[in-house]
Each structure stands twice: as structure tokens, then as C-alpha cells.
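Order of writing sets the chain letters: A, B, C and D. Residues in each chain are counted from 1.
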Amino acid sequence: MAEHKLEQQWTPELLDFHKELGDKQMGPLWASVFSASEPRPRAVPYLWKKELILEMLEKAKELLQVGVGSIDRRAVYLINPGMKHLEPHGWGGATQTLYAAVQALNPGEIAPPHRHMTSALRFIMQGTGASGVVNGVKYNFEPGDYVITPEWCWHDHINEGEDTVFWMDCLDIPFTSALTSSFFEMYPETRQPVEFPEDYNTKRYAGGMVRPISDRKPSPAPLGRYKYDLTKQALEGQSEFAPDAGDGYAVEYINPSTGKDANRRIGARMQQLPPQFKGKAHRHTHSAVYNVYRGSGYTIMNGVRFDWKAGDIFALPAWTWHEHVNTSETEEAVLFSTNDLPIMELFDFEKEQAYPENDGHQEILS
Amino acid sequence: MAEHKLEQQWTPELLDFHKELGDKQMGPLWASVFSASEPRPRAVPYLWKKELILEMLEKAKELLQVGVGSIDRRAVYLINPGMKHLEPHGWGGATQTLYAAVQALNPGEIAPPHRHMTSALRFIMQGTGASGVVNGVKYNFEPGDYVITPEWCWHDHINEGEDTVFWMDCLDIPFTSALTSSFFEMYPETRQPVEFPEDYNTKRYAGGMVRPISDRKPSPAPLGRYKYDLTKQALEGQSEFAPDAGDGYAVEYINPSTGKDANRRIGARMQQLPPQFKGKAHRHTHSAVYNVYRGSGYTIMNGVRFDWKAGDIFALPAWTWHEHVNTSETEEAVLFSTNDLPIMELFDFEKEQAYPENDGHQEILS
Amino acid sequence: MAEHKLEQQWTPELLDFHKELGDKQMGPLWASVFSASEPRPRAVPYLWKKELILEMLEKAKELLQVGVGSIDRRAVYLINPGMKHLEPHGWGGATQTLYAAVQALNPGEIAPPHRHMTSALRFIMQGTGASGVVNGVKYNFEPGDYVITPEWCWHDHINEGEDTVFWMDCLDIPFTSALTSSFFEMYPETRQPVEFPEDYNTKRYAGGMVRPISDRKPSPAPLGRYKYDLTKQALEGQSEFAPDAGDGYAVEYINPSTGKDANRRIGARMQQLPPQFKGKAHRHTHSAVYNVYRGSGYTIMNGVRFDWKAGDIFALPAWTWHEHVNTSETEEAVLFSTNDLPIMELFDFEKEQAYPENDGHQEILS
Amino acid sequence: MAEHKLEQQWTPELLDFHKELGDKQMGPLWASVFSASEPRPRAVPYLWKKELILEMLEKAKELLQVGVGSIDRRAVYLINPGMKHLEPHGWGGATQTLYAAVQALNPGEIAPPHRHMTSALRFIMQGTGASGVVNGVKYNFEPGDYVITPEWCWHDHINEGEDTVFWMDCLDIPFTSALTSSFFEMYPETRQPVEFPEDYNTKRYAGGMVRPISDRKPSPAPLGRYKYDLTKQALEGQSEFAPDAGDGYAVEYINPSTGKDANRRIGARMQQLPPQFKGKAHRHTHSAVYNVYRGSGYTIMNGVRFDWKAGDIFALPAWTWHEHVNTSETEEAVLFSTNDLPIMELFDFEKEQAYPENDGHQEILS
């Protein structure tokens, strides 16, 4: 619907009054309720190229060493051009609620343990030999894996291999900042003890929609690491049928003890676009950060085309029209993404709309 | 604790009074509250041998034909000797709440569609070529598969193969009978239409603890059929670690859209006992029906030893001590079981107790 | 819909086979699935006259004394003529799931403390001076009050007044019996200590749909006693508007910490029928026991008219047509009732139907 | 615990690098993780005097008229000095998540209907004769009443009396802004139709912790208006017992159909401090806005004393020590407050701590 239009004129007298109110720590509601009929995100559609991110991490590698006595984490985070007002408290969200960063860990480095009320997840982009320990469980990192660190779990990372390992971290920092709910604690030692056999949880979930009976009681991370080969199997299974018009083939990671999102405050998905897939546009209240895992193509967001290939990361703000295209004639594109849908759903904020014109395709404005 | 003992004596005068009350559709509470301190199930531990069940089905095969105009289902159900009072309404429960039967479907037979408020599940015991349609989705049946038919879903079965196919049906008939909540309806046609590609749901769940994003909304049977090979993978994964003292390696089937039991009113598990496994005893409020899928061994229930091998079925009543033993030195034993745990949990009725004496092992009384 | 009719004939050969199955602890499903299309309760509509109940209690008073060393509770329970098969385990339910009794406590008597997994509620019918202690909170009993004893709470009763006090007890004994989930324990002393000021909870809920902030965390009985004068106020408030066609003015008691039924396993209502109210008929899956608190009238159940006046109790089985009539031209009728709706709802068993013919009124058959 | 200290020095080279990152829409995590060990709210403790607020509204009255064609609402909102960065999007929250304003409606004025996804509540401060319509139900406003407007409900206000009526509005605008989830719509007419008898819901909740049986199904506002006289009764009932050390006697408003907060996204309480009450300090993650309804006293927040009397409003930020004192020797103080506890609890963000030193009392620093 149309915007709400007020007929009252702002006379000089009124403008003076508004200023006086401001001086007294008050504000005039009547000058604020030209309420937008729908969400107007501050965040903007934006894409960060892999090359640029890696270049920055290369510099960081030269200048800084990970480990106690130097820095804890070598990660550059992505600042949405529309969210700069959040700094430094809100750490420049990639979207309204989501923080995203790329982290690099060199062979031999140890990122020491800590824990926080912000919730974290990692998507392994490149390199092998690294691993993370979350509350005593060691998870090996392999490309394409999705690994979670729910709130207030001790976590550290180590690289015992020979390559630098890169992953994307995603946390709900802008959200916890908005709620002023952040607690943080350093672990007293350089590493936490590993209390379970290696990849204990992953091995207990080797197949099937079944869970060990001891995981019947809800817990934050009965699985912890979602290996890429199993996720890929699921996508292949779906591929026997017609793709979804907007998202191709898409799965979301679940916590087997609750049936809810693997990380209860941050959603995560893996999505496969078949060769030449040309998705239809839609928009929704939730926002997302996409990490291109395989392939190349583009996404149109609010009329602007963003070309991507493996390693690029892009931000989809709330209530923004978007459609995905795989430009390859032979290869699938695989997109990992993370979102604030779990938060939106809790208070029934989530709404979705299909693009109503032009057979579901936006006009490209730039 | 000890039973509650009343010191009041039943004089002839009192006994007359009790009789008078009965004539007036009343009863004396004081004569009833010698309450047991803990549950005393009417159901008893019991085992039905595969040979006997198959022999009965063989007779049924000679005498009766499945299909419209004759009988709808060729199944013999198991009557716990302690539950005969339920007949005919409660259909002689295998335990307090669970109905169990073995069904045989011959090549070419069609068991016509109907639906009911009782909830059903099937465990495929033997034979290939049969399939079931549940609300428009066709599921092929293979040995070891677990297939669900939640309440009020249309379902029919067909055998398009060359063998007689046998499976165990389990329903919550005694429970729905106790609640007088049973509705039933025949489908107007001989078969219902198949509206999805064959094994549609099964293929969409080909691997990983992920779900198609369209299954985020809770629904009764987003998966429907749990293939044995995937369940077996899960059991093998667990087998790298130490077994549970009582249950060896055990998984339960879950509904990917809710994280709760695959069939929300009836629990189901698959459990693997390694060679020479000698479990410790425990008891719990929930009852169970076991179907031996592979291997041989015995279970001691309240001091009585019940020897079993593949194809046997046994009933574990509520609050009954039990311990499982795999007598093979080389082969695993694999037990499917179904239980009323979801019902027990809803009102916090579930309690569990480890056998406190003799290092967790019962003395065999008979 | 019509009943499901099987065309198979029971030949002598088949009847022999059925008998053989029975000998082997099995049964023929094909002979059982003449499934009723809708619930057929075993319980029947029935009414117990106040005079008869009081006469029985008068006899019990002569013959038995309440207190340690004699009997624990002087109560006669109501046995639905259709539920006699439950005895002695199921204590002859008033309906499928509900036990109901009338209890009399004489001046000076103490009914000693115990606790059980069955859940209890009391409706005070007549007399003052009695009280009950539930987990350390003492509640005074006054006519019209509704008092709860959730599962596993210690409870005892005492009469410190000068009249015999009568109340109805309602418990979910048939339900917990069906689930074999009953635990029971005697308190080691004659009385439990009173740990809170008298009527502590009742006073903390003196008005308004507000709760003490300490009751924000769900607990089984933050209120415990629902005083009649407040319930009456609520009914009067409603009475400014048009009555419900079937139930007149009706309220249900809620637990302020959960918003669910005061006793989570047994529902309870108070209902006011204005003078000359002539309700329309309906039926539902849940069953109920009515206790007439004030006034006189009748209820037609499945075509049979049951006349009632204050103090009478009647049973409404599951899925039974019923309509209430207040025959007084000047006085309201007030009916307390208790039901198994919370159980029905948990698994979505509840269904309701308005009587479709004759403007909603049954023909009286007897 | 102590803050996390990094030993890495910020060399000029590093500072250049940080700047380069900023130019590329990225940021250095290592320079941000000097994470605070606990929440550091941007909002500060602050108090707005009644006189000042009324003076501003008096001016607004002269300059602006409420009604279609002029302004929709005559309200001045309170801007926490620490939250000014939120403007204009976040409308200067009174705390991190809560918007608060005082609204004045003159005799004869009509504030036209609209609806929004932000959730609203009103606390009536002064004057009679005004009323509000929420989704077709008309609620009269009387001093001390608490009235809710859940999200997406049509609402308008009218003053049919002879006084200007003042109330506090509280909405979750900063929260919905942070989530970019705000939708807004004007009603096409000047007023919405009133579809229920006057104060329909209020009358249906005239007493007792009971609800009309038609409100068993959860709905957003079965009650809508919480009359002061009933709330006062509840506070008086509590007053027979010892007060809570920190909050005196306090109740929270509940939705009778859910048992949760009356407005599911914003909590509200009424609290009574007996004469000479001197509360102990505590802090919690949730923030609050207090509106002094009766009496006079002061609140110490993080060591600063804020004196208040009826009509004053003060903001309590997250994780801020606070203790309340009633300075009157004879009169009770009554404080209404509104909070973001429901949001905090949804993701288990709520923590609480008692002030550990000096017998629970802060030192006054200014």
C-alpha cells in the first residue's frame, strides 16, 4: 500500500518545538510516524570478492600471528556499507542481524579457547588439517563442512596440517548487541581438554534420519559437524525431482535432538542450482549471507546484478527481491547460506512474497 | 517402599455393605486403596515364535484371500495372556497400549485403502516386491525398513512381486480404545491414486541430518519410510565406541520436521548387540514389543529367560526388569522395537531404574 | 458414514481356526476390523442421586472411622454400569478415563497424607470447617470451591469444624491404570507440616488476570484453591451477554503459571444456566462428570432424559449427544463438571459436533 | 571476570591496514574482540519529570490537533541520552528495545485507526472519558488501567469526556527496527466499527483465575484491558505476607489464553512498595521503563539516585544495578513498569544477579 501521508505542515514554530524536545531528551511522535508501510533495511545488497578477502588475509598473515600473546583469531569481518553506524558495538553487520567473517589459520597455529553468548557457526571454505574443539568434542574441518558453536560453548581451533585453512564464521553479534545480552569469557588454559573420541558425534550420525537414543533429550549440539559428503548426498537425492522455482534444491541443517535449526539462533542452508538454472525472484523478512561454494553465476538483488563464483560472499538484506542464476551449462552451482529466519519465526515476523510481475524476473537496473 | 497396609477388618457387615454399594453402581474406596506402591502391569512377559506365527499365517493364506469382497488385511495379532480382558474392544494388546500383528500379503493381492485415528507403523520382516501407499506417496517395502502410517492417513498395500511379504504392524489400539477416540473410514475406491514419484520422500532424505527446506513446517510424515541400509550405517557408526550397558547400540527413528518420534504416538528403535554382548538389567514405565531382525540370543524379563532368534517377537510390559544377551560369538544381533514412550513422556509418566543388585544381572527364576 | 461391512463368511473351518489362534495367544484381525466408524463408548449415560449417595455415606459413617489405624478416606466411588470390567484395577470409572467419588469427613477426623501419580481434584459440595494440606499449603474448603491436588503432591484432609463436610473427588485413575503408570506412597507421619500461611496462594490471587512475578516459572499448583465467590463473579460478568447455545455461561479453571488447565491432566468447568435455559445438543470426544451445585433441571443424553437437582452427579460418556435444560423460571442452575479434554487435546483426539437435526434438540426416547 | 586483554600492539603499519580494511567494507576482528565480559548497555539510567513531559504536551496541544488531516497521535517520546544513534529509524529508544511516550488526547479528538507489526501497550496515567478500540472491541480508559494492542491489530482512540486524558504508550520499536521487521497500515476510514458490547472482554473476566471456555484457544488479546481495581486487589492480597526483598509486592499481567505475558513481546508489571520500603539491589539482562503511578521515593541505578513521584518516568537499562526506596512513612508507592523480559527469555538471554556487597545496597556516587 501507499505510504502514510500526513497533511500537517512543519511551520518554523513547530520545528523550533521539535528542537526543544530534542534538548529535553524527547522526540515528536507526529514527525516520525510517516511510517513506512514495509521494512526498509539499512543494510544494502553487497558482494565481497574472494580475491579481495584473501588478499586482506594474506596481509594479516604477514602482520599478525594467532596464539596466546598475540591475537586470538585472524579474521576479517564483512561490513555492510549500510550498517556502519553499528560500529564499534555492533561490529558492522553483514546484514541487520548477522556478522560474517573469513578466518585463516596457518599450520601450527592455535586459536585459544573462549566462549560467548553470541552464537557461532563456521563454513569450511578451503584447506584441510584444521580442527576445532567445542565443549570437549574435536571436529575435523573439511571443505564444505558446516560446524556449529552454540552460545556459551568453549571453543578453540588448531591447524595440524600443512595448508592454511580458510572458513567463514557467522555469528549473531548485531542481534545480541541490539539486545545488550553479550557475555564473554576466556578459557584459563591455552587449550581445552578433548574429552571424547575424535569426531565422536559425527560418527554417531553416520546415516539415516535416526538418532542415538541418548540424544532424545534436547541439547544444543548433539551433532556439531555436518560433513559435506552427506549434505551432497541429500542434494543429489532431491535432484531426481523438479527444482524449486526460486531455490533449486535446498536443504537446511537440523539439530537431531530438537528438529530445529542446528544452531538455534542462526539458520543455515546448502543449495544446489542445476546447470542453466534461472530462478524466480522473491523476498522475505529474513536476511541472509551467501557463501558460494562451487560454480559461478549471478544473483539479482533489488534490480542489481551481482556476479559470483566460488569463494565470493554476498549479503541479502531483509525484504529484498532476489533471484539466483547458474550461468554454467554443465556444472552445478552450490551455495551455502546463513540466515536469521529462526529469530524472525519466534515472534512471527517472517513474511514471504513472490515477485508478482514479468513472470517472476526483475528488470536489471544496473 | 512397602505396600500400604490398612488395619481395618472386613466384617460381614462391611462385606454386605460393599455388596449393596455395588448394586447401586458405587464402590468402597477404602477397600480399594491398598494401592500398589508401583505399577503392576496386567500384561506379562511373553514371546511368540516365528514358526508359530508363520504357521498360522499359512493357514490364513489357505482360508482367506485379501482384497475387496473378502478380507481387508491378512494379519494375526498377538494377544498378551494378561490382556485378554480387552477383547473384543481392545483387541488383546501385546502390551498395555500396543497392538502388534504379523501381516502376510501374497503376490498380486491388494489390501484396500482405509484410514483411522489409531496410528500405525510397519516393520518389514521378509520378502520383497510389496509396497504401501500413504496419502498419495508410494513406499517400497524392503526387509529391515521401518514405515509409518500416522493417524487419519489413507493407506493401502499391494504386492507386485513374486514372494509373500511379511511385516509386523504395530498400532496404538489399546490406547485409543481406552480413550474411546477411534474413528475409521473406508476409501471409496479399491486403490488411492499415487500422487508423487515413487519413494519420493525417501529419496529426498538420501543423507545427512538435513531436510528439504519445504519440510521446515511440521508435518506428520515428511519421510515415511526409513530404509534399512541407512539405519544400519548409523548403527555401524556408533559401533566404533563402547556400547551402552543395557542397550548396546541403539537409535530411534525421528520425524525430520519435528525432531520427535517418526510416528508421534508410537516410538520405534533399532538396536544392535555386538557378539557376546551381555546387557545389564533395567526397567521403565514404558512398555515395548521387540521384533528380532537378525541373530540369536535371549532376554531375561522379571527373572524368566526368553530365547529368541530372527523373526521372533516378544512383549516387554511396563516396569518389568529386562536384560538382553547376544549368544553368538561372531554375529551381531539386531532388534527392532516399538514402544509407548511418547505417550508416557507427554504427562511425565516415564521413570527408569537400573537393576540395583548382582552387578545389574537378574537371577534366572525359570 | 456407514459401518464397514465385510463379505467374508465365517465358515465352521474359519471359526475353528479363530479358536486355534486364541489358544496360541493370537487373534484374527480380519474378524475384528468391522471397525466402528466412530467411537462407541463402553460407559453409558448415568445419574447418581444425591440422596442415595448420602445414604451410603451415612452407613459408611456408622461402620468406619477415618484416621490412621482404620481407613484413610471415607469415600464411595461411582461405577459406570458400562465400565465394570475395569474392576478391581481400574476402579470402575465414572467414564472412560475419570474416577469420581463423594467423600465425607466428620468433625475431628484426619485423613492422613499420601501421594500418587494419579492426579486429583475436589469440588466442595456441602459443609464448612474442613481443609486440606497440599505440599505444605493449607487450603480451607468452602462450598463451591474447586481445589486441586496435582500428581505426586502430598495431601491430607482434616475437619476442624462442627459439620460433616462432603466433597466430590475426581481422579484420572482409569487413565493411569490403562497406562500402568501408577505410583503411590504413604507419608511417614499422621500429618504433614504446614509450611505456608493459611490460604497463602489464594490470597496472592485476590483479583485480576495478574500473577505474582515469582509464579512466572511454570509450576503445578501456584493457586491450588479456586474460591467460589470469584468464580461466581466471573459467571455474573459473562451474564451481561447472550449465553452460549449449548453451555450457557461457562468458565474453566486455569493454572496462572501455564495458562493451561488448573490440573493439567483433568479439566474442570463451572457453568451457569439462566432460568428457563434450553440448550442445544452437541457431542464431543471428551467425556465429563457433572456435579449439580445449584438449581434443578435435566440433561438429555443420547435421547434419555436425566432429571437433576443440587447434589446429583451424572456421567456423560465420550461422543454422546447431550443438551442441558434449566427448568426453573426464576433460579439459575450452576453445574460443576470435570473432563478429560486435556488428555484428548494432547494427541489431537478432540472432535466436536453440533446436533444437526430438529433445531439442535434430541427426541426423548425414554 | 576481568576483561580480555590482548598483548598485540597496534603498530602504524597495522593501523594503516585497519584503515584499508575499512575502505574495502571489512573490519579487523582482532581489533574488536577485546570483548567485554558482560553487557555494556548504550542506554543510560535516566528520569523524565512529569512536569517537563506535561509542559511539552501542553505546547503540542497548542500547536497541533489530533485527527485526520492533521496529526494522528499527540505523543512525545522519550529518548535515552545513550540511544540517540538510533534516530530516526529506531526512534531513540527509552532503553535498548523499548520505545516509551506520553500521549495526550483532548475532549472530542479522535486518533484515527492504523495497525503495525510493532506491539503496543498503554498505561493510563490521568483523566477519564477516553477509550480505545482494538480490533472491534472498545475499552474504556481509567487511571491505573493497563491496555494492550498486540501486533497487527487495528486501533484508534477517542476522547468522549471533558478532560484531557494522558497515558504512556510503550512499543517495541527499537527491537523491530533492529530486525527490520516493521509493517504499517492505515485504516481506510476515520474510525473502525465497534463489533462487541462495550468493555466486552473486561466484563467476561470479572473475577477469579478462570476463563470463558471459548478462550481456551490461544489468541493475542482475549482480555485487552486490565482494570486497576482488580490489579490493586491482587497487590492488597499479597500484602498480607512479607514483601520481596527487591521488588516489594509485584504482579505481572497475563494473557488468560496462553499464561504468557499479556502482550507477548513486552512484559508489564505493577508493583507496590509499602511505606518506608527499602529494597535491595539487583541487576538483570532485561531492561525496563518505570512509570510512577502513586507515591514518592527514589531508585538508585548504578550508584546514582533518581528521586521520583507520581507521573515521573525512568529508564532502567540492561544489566544495571538498581534498588527502590519508598520515602513515605505512611503511603504506599505504586510503580507500573514495562520490560523486554519476554524477548530475553525466548533465547535464554535472561540472567539475574543480586548485589553482592554492603548487605545489598549500593553506595550513592552522585
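Just so we're on the same page, a residue touches a chain if its C-beta (ideal position, glycine included) is under 8 Å from a C-beta of that chain, and two chains touch if they have at least 3 such contacts.
These figures come from a predicted structure and were not determined experimentally.
Engineer: Moving only between chains that touch, what is the shortest number of steps from chain A to chain D?
Structural biologist: Tracing touching chains, the least step count from chain A to chain D comes to 1.
Engineer: Out of curiosity, which chains are bumping into both chain C and chain D?
Structural biologist: none
Engineer: For copies chain A and chain B, work out whether under half or over half of the interface numbers are shared, and give different or same accordingly.
Structural biologist: Because over half of the interface numbers appear in both copies, chain B and chain A meet with the same residues.
Engineer: By mean C-alpha coordinates, which chain is most distant from chain A?
Structural biologist: C
Engineer: Counting in whole Å, what is the centre-to-centre distance of chain B and chain D, each centre being its mean C-alpha position?
Structural biologist: The computed centroid separation for chain B versus chain D comes out at 53 Å.
Engineer: Report the inter-centroid distance (CA atoms only) between chain A and chain B in whole Å.
Structural biologist: So the centroids are 42 Å from each other.
Engineer: On a C-alpha centroid basis, what's the spacing between chain B and chain C, in Å?
Structural biologist: The answer is 32 Å.
Engineer: If you look at chain A, which of its residues touch at least two other chains?
Structural biologist: Within chain A, no residue touches at least two other chains.
Engineer: Output every touching chain pair, sorted by label.
Structural biologist: A-B, A-D, B-C, C-D
Engineer: Tell me, which parts of chain D touch chain C in their complex?
Structural biologist: 197, 200, 203-214, 216, 218, 223, 226-227, 229-234, 236-238, 240-241, 244, 247, 249-260, 262, 269-270
Engineer: Which stretch or stretches of chain A touch chain D in the complex?
Structural biologist: Going through chain A, the ones touching chain D are 1, 4, 6-8, 11, 13-14, 17, 20-22, 24-30, 32-33, 35-43, 46, 48, 52-53, 56, 59-60, 63-64, 69-81, 85, 87-89, 91-92, 96-97, 101, 103, 114, 116-117, 151, 174-176, 178-186, 264-265, 285, 287, 317-319, 340, 343-344, 346-349, 351.
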